[in-house]
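Structures incoming, each one as structure tokens.
Next, two complexes with chain A in common: one pairs it with chain B, the other with chain C.
On to the complex of A and B.
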């Protein structure tokens, strides 16, 4: 059996793509595409299929293969280093040279030179060795840091073979979600497109991957059947949420699995109408209707919130008020003069009777910037009135503000003159938390919000 | 008022008050109120205007050192004990083995310990250090990497730090191995390995580092110290990367995330997709609260060696407890320390709070202080008429013997004070245990708070409801059987500690349940009486060892000074700062010194300008301001002094009008800029050459 058919048995439902791949990568005929694009949506088996195929070829002694997770590298330089380092190890060049050679490459400009040097060294080390093609699989090459231009990078790598006949044994395979994201379509590179798996195919794959636990005293065949039913039910229930993303399915299935298997485990067998998949599904309907399986929470159990000092809570409340109230209402809301305050209700209701339905609630918008002086003024107003004591204007207040800004609860914008005053700030805490704080300090925050 | 009158009233009239120009000549140029610095090597000064016996000055310092070190030792002991229990759960978390996944080859989430460090970030560095040391020491085969937002400004930089720290972790391991290997004279291998690391450190390669970590069967603990301050743009890729490596290298990675905002806020900061990579567990790691509680209890209820600790007024203790949510444990301890320091530094009688009087000297000045103490002065109001008269006579005459007697009895009372309070709380605890199934309070400190938070020491009549919180206890008594109550009464009356509490309102053996309400009111009265006895204000000479609420002012002045007020104060009373003996050379403060002479004529120019600005109107012209400033300077007197100064520095100046103008202008511009920076004046926006006053307070 040749490499292709072996891979086909390992990668189900992907023979079409493998056939196409095999037309571009035919080391047995001495034909290798110098670079190649592989595109397809998430979890369509791109990397897996390619890896299986190239590994098989490597096993058969036809090529050498190196996989690089570009997402880990983050920068182009790091990818180049990873390529070089991998190559050096692949060719068995001594580790002292490795550091030296890798260090010499500081970008695309010097990359080719270093590649050539490596070839030279290799040739002088093993003059009689057959020059096997070397395939670099660059996985998720488009997911670099935003300022790293991945299209330029791929463009340059695609031209490496043109630089010197020594370099024509290298093949670069770019695995991306969408080919146009790297912007090298105009190079007319060979393109292998992977489509998403069908839902039935996914179910099949997942069932095959299901781990049989022998602690449950049921037979493997029965277990597989049970698992298949479970997968069917859950995937059908949430199909609109999952789409065809296996990455989304697996955590949910994992989370819900104990709910279904525990009745079986406790009973020791599967009995229809008692603990089979559908019965459990019926019994636990409420659980499935809730977000339990889908929501990823940092903690499932209730956690007592660590308490902030009262003054800090007031600062956060004041920051929220400053961020979500228009400064023009400050006089109405926070003034100590009775006249302005008396109008508060009137204006409040006047506004309310307007076209409220057309207006978006301020809370839905992102916070507005405010000057620190305004925050302090609001803080003094609400603190003095609500606590009945004066807020000390001391270093502590400032250091507390600084602390909150370190914790990113309020954020300083990079505008304005820091020394001359007038710095702009924003509140970075959402309404539910502020509401809770307001309740804790017994402050009716709704009275101070214009909506 | 006519229009002209109105216009006149709006005019700015500059008037130079002649007196303001004459700085009061300090009789003693050195500025101190009571303490006189000496040549002794200790930082304490000689109190009572320098009349304190020198031995006492040394003795105070000695006592401070000895007592504080004892206090500090006991505090350290408490802190060490508190730390021991802190990490038990965390250890278990790291030891837990992963359970098999549902699918074959299923990616596993990164085990993450969410450490809640508490909102008090001043504690964090200490806490994180403890966590780090603990993880590093206790978890075998772990390389602990610390990431702090202060250094991790970008993703790539974070990766670099991660790589460097892993390399270092591997290297220390290698060094240890090398040490061992050297002993076995087989060092070559390890050395070459170390060399390899050296050259590699120039270019980082996470993959090979992780391979090494994995090959050495280590686990990598990545500690994100202040996750709140990390930008999401760094945290998200970091977590993803850790997740990837975790799966690639057989779950060798654990995350520790330190957070300080309440959980609700923190949760919003991480994207849901990132949360999916974590398998979090929540830990409450901040134990400063319990530690502080223990320290306070120790401070309050330590009845052994009373001489070594000062007595904190109950009101002060309550204020102190409020402090604890804001300050770190270290700062909290420092606050106590500064109170000790302040007491021994400024209280000449603090030498009396000891059981060893051999090193203490008393002279007539000290006896004078005895009579002038506020507590002694107010003592008579707690006495009946006759003894008050007697007491007044005592104060007027020089009857040192009687005064000494009073001193001795008072000190005895102070020594017993803590003991009496402890006894009182023991009794209440005993009663709670005896009559109630569920407890109203669990700790002595809670009980302390309940007892003292509403006490009005100045007006005992307001205290009648002070023991309202004992209501459940009273109900418990009324529900108890007669036998139980009687045996309780018997126990209490026979107890030699509890007995004295009921000296004035005696308990009796109940004959029927109807007497219960009477018993309850008797108990209540006895408690109120005891509370009154515990009033420190009634004990004369309490200044010797008691610290009252004024210590809070000391704390806020030293740690949280009010910026604006301090600033204005320094401008108004510059001599407090310039002539302070603590940071000025005594020799330079001689009245004949040129600097002092100059100061008498001209304070630093910004102060002169500030004084003028206080007199000026809201808006004033800059040129007018300058003219006033210039003419306010006493040129005739200044010139000879300045000449003397310039001669010393070797600068030749001709005292022409032009030069004088130049000099005053330069002073003026410099000081004006300083005033602007301090925020006292500003330029009027649309009007050139005009100044506007910004600060009105205290003018």
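On to the complex of A and C.
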């Protein structure tokens, strides 16, 4: 059997893509596309299929293959280094040269030269070795840091073969979620498109992954059936969340599997109405409804207990008020003049009765910037009124502000000048936390928000 | 490397070939720009000429290639030139230590320029007697030339054009610049422009369908030269078959015409045809299908692969954008709408159920955390695009303000979603404002 049909049996439901892939990568005919794009949504088997195919080809001695996880590299330079290092090891060049060669490459400008050096060394090491094609699989190449410009990077790598006749055996395969994200349309690279698996196909694939162990004293066929039923039930329950992403399913399935298999294991057999999949599902309904399987345990609803001093809490509340209230209402909300304040409730309710249903609450939007003077004025107003004592305008207050700023609870929007009048600040704490603080210091924050 | 057959470019080929041949034969310095859109064969044209010259004048000239894609400024380009000269030196002399590359770019420039002025090679000759060639012509091929016009002084281009112009008997330099930018000549600085020999070869995409078909045929046909009799006979039948396919009504013709009237992209067509030919039955010359090429907006493809909850969230974000006539949306806003929609849906369902009997349905609600995760996935898929914006000089992505407050652009509109999921009932319902 040739490499293609072997891979086809290993990668189910992907023969169409494999056929197309084999059009562009045919080492047995001496034809290799110097670069190609593979696109498709997450969890459509792109990397898996490619890996299987290339590994098979490598096993059959037709090509050499190297996979690079670009997501872990973050920068272009790191990817280039990974490529070079992998290549050096693949060709069996001594490790002494490795450091020297990799060090020589400080970006795209020197990459080609280093590649040529490697080729040169390899040629002098093994002069009569057959030059096999070398395939680099660049997985998720679009997920570099935003300023790394992955499109320019892919563009450059697609031109490696044009730089020197020595480099014509390299092929680069880019695996991306969407081909437009790398912006190399005009190069018209060969494109293989993957589509999502159907739900039935996913179930089939997952069922094959369940490994039978004889610690559970049931027959293999029965076990398979049980596993299939389990997958059916769980996937159907959560299908609105999973979509077709196997990556989301597997952790949930592994988490819930013990719940279903333990009754079977303890009883030693499957009895309908006692421990089959549907009965366990019925019994554990509450568990399944509570998102136990989906939610991470790390992400708890509870806000970490606030052991901040009262004054700090007030500062944060003031910062929140400054960020989410328009300055034009400051007089109404915080004035010490009775007349202005007396009207507050009236105007407040008047505004509220308007077209409230259509209006977006300011709380939902991004915080507005404010100057430090405004924050201090609001802080004085609410602190004095609520605590019945004057807030000392001392160095301690300022250092408190500085601490909050280093904690990124309030953020400065400009580098440099800290206390200048023009410097803008923003509150970086969300509503639920502020609300909790307000409750703790017994401050009715809703009265001070205009919406 | 082997020659690529190109249709309709014989004139341009001869121009380039003659120019380079003159450089090698008569030490005539020249500079020339080849301008044309991607995929018109600029690089192949130059490569063909160089290959042919390489066969004819073996080891009688050097080729140095730099590319704006790799060496994106003058400094790295000059270093690359030095390194390539080193390579040539390595091949022709036994001095492994000789190097043009110096630590600083300026020194490298000096050492390279000294060669191009002809003095250094003569020195070499004094030391190295078996190396007879006094004047080795050098051909520079500069890909993506427009990258080097960004620099104010354009030092690299200035120097190269200058040596090319002042080439004499002792040394000859030819400079070939390839670029896709049509107005690149206007971008040249005036001193650079005056040293440039003003020779421009303009390649364009073909205007006539028949010419385009010729190019396709040139791509597909097999050359009969050097084949044994039976293979040649088969190749002839194949060529005939292909010609009939391209000229007459057929699937292949349809594809060619479609490509001609949309992108005129020969490379794209080549990729499709490759898949077609590979699948073809070679004895009967039949069968084979074309891979579908989806040139739709990629966001629609992504939409089709979303899970139900993600799609609902997209719709809610779209609703809020329309309702409040905003251009950006954050998670809080989208979630509020989502909450409202699911609640009203449950209520309608319950009231319907109540009229039938006294059943109350408690639909499973989804927590905010789960939906936030869906939101994050939408960002990852590129359906929600982060605006790149500067606030007082700081990139605003630096500022977070909590993940649920961050504003994003939605890459699709509600209309598009509704149109795409015409068949799905609930989507239509949710998309209605």
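One rule holds in what follows: the second predicted complex is superposed on the first by the 405 of 451 C-alpha atoms of A that agree within 3 Å, B and C clash if a C-alpha of one lies under 4 Å from a C-alpha of the other, contacts with A are read in each partner's own complex, and residues count from 1 in each chain.
In this text, a residue touches a chain if its C-beta (ideal position, glycine included) is under 8 Å from a C-beta of that chain, and two chains touch if they have at least 3 such contacts.
Everything numeric here is computed off the predicted structure, so don't read it as measured data.
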Exercise. Are chain B and chain C a fit on chain A, or do they clash, once the structures share the same frame?
Worked result: fit
For this session: Once the structures are superposed on A, label A:407 by its partner contacts, choosing first (chain B), second (chain C), both or neither.
Result: first
Exercise. Taking the superposition as given, does A:41 touch the first partner, chain B, the second, chain C, both, or neither?
Worked result: second
For this session: Examine A:254 and indicate which partner it touches, taking first as chain B and second as chain C; both and neither are also allowed.
Result: first
For this session: Mind working out whether A:156 is in touch with chain B, chain C, both or neither, as first, second, both or neither?
Result: second
For this session: Scan A:220 for contacts with chain B and chain C and give back first, second, both or neither.
Result: neither
Exercise. Which holds for A:430: it touches chain B only (first), chain C only (second), both, or neither?
Worked result: both
Problem set entry | chain A-centred angle between chain C and chain B, computed on Cα centres after superposition, in steps of 10 ° | 130
For this session: Could you figure out whether chain B or chain C reaches more residues of chain A?
Result: C
Problem set entry | chain B versus chain C as contact partner of A:392, first or second or both or neither | first
For this session: Would you sort A:444 into first (chain B), second (chain C), both or neither based on which partner it touches?
Result: neither
For this session: Tell me which partner A:116 touches in the superposition: chain B (first), chain C (second), both or neither.
Result: second
Exercise. Quick one: smallest Cα-Cα gap between chain B and chain C in the superposed arrangement, Å?
Worked result: 5
Exercise. Which residues form the common part of the chain A surface touched by chain B and by chain C?
Worked result: 295, 299, 301, 429-430
Exercise. Along chain B, where are the residues that touch chain A in the complex?
Worked result: 100-107, 114, 116, 118-119, 121, 155-156, 159, 196, 199-200, 202-203, 205-208, 226, 228-229, 237, 240-241, 244-245, 260-270, 272, 275-276, 278, 280-282, 284, 286, 325-326, 556, 559-564
For this session: Under the touch definition given earlier, write down the residues of chain C that touch chain A in their complex.
Result: 1, 37-39, 43, 47, 65, 67, 69-72, 76-77, 79-80, 83, 87, 143, 265, 267-268, 270-271, 274-275, 278-279, 291, 293-294, 298-299, 301-302, 304-310, 320, 323-324, 330, 332-333, 336, 364, 366-367, 369-370, 374, 380-382, 388, 391-394, 397, 399-402, 404-407
For this session: Spell out the residues on chain A that touch chain B in their complex, using ranges where they run on.
Result: 69, 71-72, 74-75, 78, 81-82, 85, 95-96, 99-100, 102-103, 145, 206, 209-211, 213, 250-251, 253-254, 257, 295-299, 301, 303, 305-309, 311-312, 392-396, 403, 406-409, 429-430, 432-433, 436
Problem set entry | Interfacial residue positions of chain A with respect to chain C in the complex | 19-20, 22-24, 26, 39, 41-42, 44, 107-113, 116, 146, 152, 155-156, 159, 162-165, 168, 177-181, 186-191, 193, 195-196, 239-245, 289, 291, 294-295, 299, 301, 358, 360-361, 363-367, 369, 411, 413-415, 424, 426, 428-430
